[in-house]
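Each of the two complexes below includes chain A, the first together with chain B, the second together with chain C.
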Partner chain A sequence: MEYIKAFIVGGAICVIGQILIDKTKLMSGRILVLFVVLGAVLHGIGLYEPLVNFAGAGATVPLPGFGYSLAKGAMEEVDKMGLKGAFTGGIKSTAAGITAAIVFAYLAALIFNPKAKD
Partner chain B sequence: MSQIQDMKKEYSKMVEELSPKSNLLRDSARAFWVGGLICAIGQLITNIIKSFGYNHDEASMLTTIILVFLGIILTGLDIYDSLGKYAGAGTVVPITGFANSIVSPAIEYKKEGYVFGVGAKMFTIAGPVLVYGTIASVAVGIVHYFFK
Partner chain C sequence: MAKYLGRQTIKFDLPPSIVSTASTVGPKEGKGPLSSYFDVVLHDPLWGEDSWEKAESKIVKKTIERVIQKGNLTPEDIDYIFAGDLLNQLTASTFGIRGLSIPFFGLFGACSTMAEAISLGAMAIDGGFANYIVAEASSHFCSSEKQFRFPLELGTQRPLTASWTVTGSGAVVLGKYGPSPYVSYVTSGKIVDLGVKDPMNMGAAMAPAAADTIIAHFEDTGFTPNDYDLIITGDLGSIGKELTLQLLRKNNYDIENIYTDCGIEIFDPVSQDTHAGGSGCGCCAVTLAGYLYKEMKNNKWNRILFVPTGALMSPGSTQQGESIPGIAHAVVIENNWS
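On to the complex of A and B.
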């Protein structure tokens, strides 16, 4: 059941992205920006956490989940250490993903070569 | 002025007629099942990690690292982009797509050097995502401080 929920909610978030790509001519980069900010704002007003509780990875794996993670970290740090937490919590809670992406991408750039244009 | 407006209208009409018709229903179905599948795999990874005794937060963090790793390896092997041609947003929106957006230009601009090629171009798409994501998180944190 868990997997079905993750599949359906995650798939639905991707469909929203697909509709934006097809209907608005937004580049995929802009959609990623939009989704991250949307996830952060939705968590700020308390709407994303219920979705995470319902769908698990279906809500955390798509990019709004990255925004959710950023906002969640900032809010938790604010609770712990006051206003300065707003400046530390976001990146702290997403450090693993960002660092992994930078390190693995760098290693991949060392190993792989660009494919020939067809 | 109105002549320019007319020309612009005509031009966008021409573009619309010439660009390939995208089939929204078909594109959405593809994005749905591929994107959904990536999330279900994420759930599977999380559950496997939890079964080794890690708590929920640790498991989510490790899942993110593993998915980022998979996205990057599959991009390097030229599999992820082929999948992307089929699945569209189904491969763009998951965290694996974020990883893809970092590693693709890193490999592509390797010939421009390791500092201004790989090091700088990595963030062509990830840069804006991190800038706006970070600003949003700070804003949410500040609002939370005053209105909790």
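On to the complex of A and C.
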């Protein structure tokens, strides 16, 4: 059941992205930024947390999940240490994700070479 | 000396001969409908090099060496090379040609470069400034994606209006004297920009330029579509082709029965998933050097109007929201001239 929920929510987020790619002229970079900002804003107004509780990784793994983590970390740090937390909290809570992205991208670049599409 | 006809057209007094042609294409083009017309089909798009740019330069160099050799000439016989590609500062042409010790004019006409090179080369010959010139153009799918769209590593999806950049180089040697076919007229294009901004739909951006040049050609020369066995534009693809036909019909020229497009001929869109068709400087260059030249030699066509089209945008202009300026240059190639 857990997997099905994750699949439906994660899949729905990706469907929105696919529709944006197909039906609008938005470049992929803009859609990426849009999704991250959307996740942060949704968490800011209390709407993303219920989705995470419902779908788990289905909500945290897609891009809005990253925005959600940024906002969540920032808000928690602000509670602990005031305004300064708004600058440090987001990065702290997403540090593992950011570092993993860099490390695995580097490893992939070492192992693989780009190829022509066929 | 050559004669001006109207605003944009030149008629050559002694039409330069296309002495020889050579073409090199990548693996995907080698699986397309025109495969048997190409001299060299690569199995590896890197051709043993370690970057796409180096691979494209090697394609340029080998194709130019081959076309000179096929004309039974040596590099010393060639007075000028007119060549271009799509990369920053003409990287592919410059680095491909640097070892050849032949005077070089680098041209940027985007996908219209082949016609630009032939036009200028033919003018140099008819003007008495050269006996032999090489006109060449190249493109490479992988280097172009990087230059104009997205890095391959990003794995982005392509919209259905997008064209597929041809990997390949086509070259011709033009000579003052020689066998048929000959370059008899050129109509040089003006920049036409109707405000299309989508770099994934270049056919629509270039079609007005193609129609503009074809109409100018008919008006300047007095020729009609009946004077041609074939009119072939470069790289408009399926969408741009329809637009061009519509624009010409509005001006009372119906060329439908004799008209096609290099970008449509080079790939099979169904089995090769190329969407709107082929594009890139190499597309019409290899189509001319392979398919068109060889079939003219076979007398399948005796008089053709070759109209490569270019989308003159840069990655920077696209990012700054500029529209895409289009251009098209027309070249008449015929077996018998009078």
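In the analysis below, the second predicted complex is superposed on the first by the 115 of 118 C-alpha atoms of A that agree within 3 Å, B and C clash if a C-alpha of one lies under 4 Å from a C-alpha of the other, contacts with A are read in each partner's own complex, and residues count from 1 in each chain.
Note that in this section contacts are C-beta pairs under 8 Å (C-beta built on N, C-alpha and C of every residue); 3 or more make two chains touch, one makes a residue touch a chain.
No experiment lies behind these values; they were computed from the predicted model shown.
Student: In the three-chain superposition, say which chain, chain B or chain C, touches more residues of chain A.
Tutor: B
Student: Counting only touches as set out at the top, which of chain B and chain C does A:Lys115 meet: first, second, both, neither?
Tutor: both
Student: Where does A:Ser28 make contact in the superposed view: on chain B (first), on chain C (second), on both, or on neither?
Tutor: After superposition on chain A, A:Ser28 lies in contact with both partners, chain B and chain C.
Student: Show me the chain A residues, by the header's touch rule, that chain B contacts in one structure and chain C contacts in the other.
Tutor: 21-22, 28, 114-115
Student: Can you list the chain B residues touching chain A in their complex?
Tutor: 22, 24, 27-28, 30-40, 42-47, 60-65, 67-69, 72-73, 75-78, 88-90, 92-95, 97-99, 101-103, 106-108, 110-111, 114, 118, 122, 124-126, 128-130, 132-134, 136-145, 148
Student: Would you tell me which residues of chain C are touching chain A in their complex?
Tutor: 26-28, 45, 141-142, 150-154, 156-157, 159, 167, 198
Student: Which chain A residues qualify as touching chain C in the complex?
Tutor: 21-22, 25, 28, 114-118
Student: Can you name the residues of chain A that touch chain B in the complex?
Tutor: Checking each residue of chain A against chain B gives 2-3, 6-15, 17-23, 28-29, 31-33, 35-37, 40-41, 43-44, 55-58, 60-63, 65-67, 70-71, 73-75, 77-79, 82-83, 85-87, 89-91, 94, 96-98, 100-102, 104-106, 108-109, 111-115.
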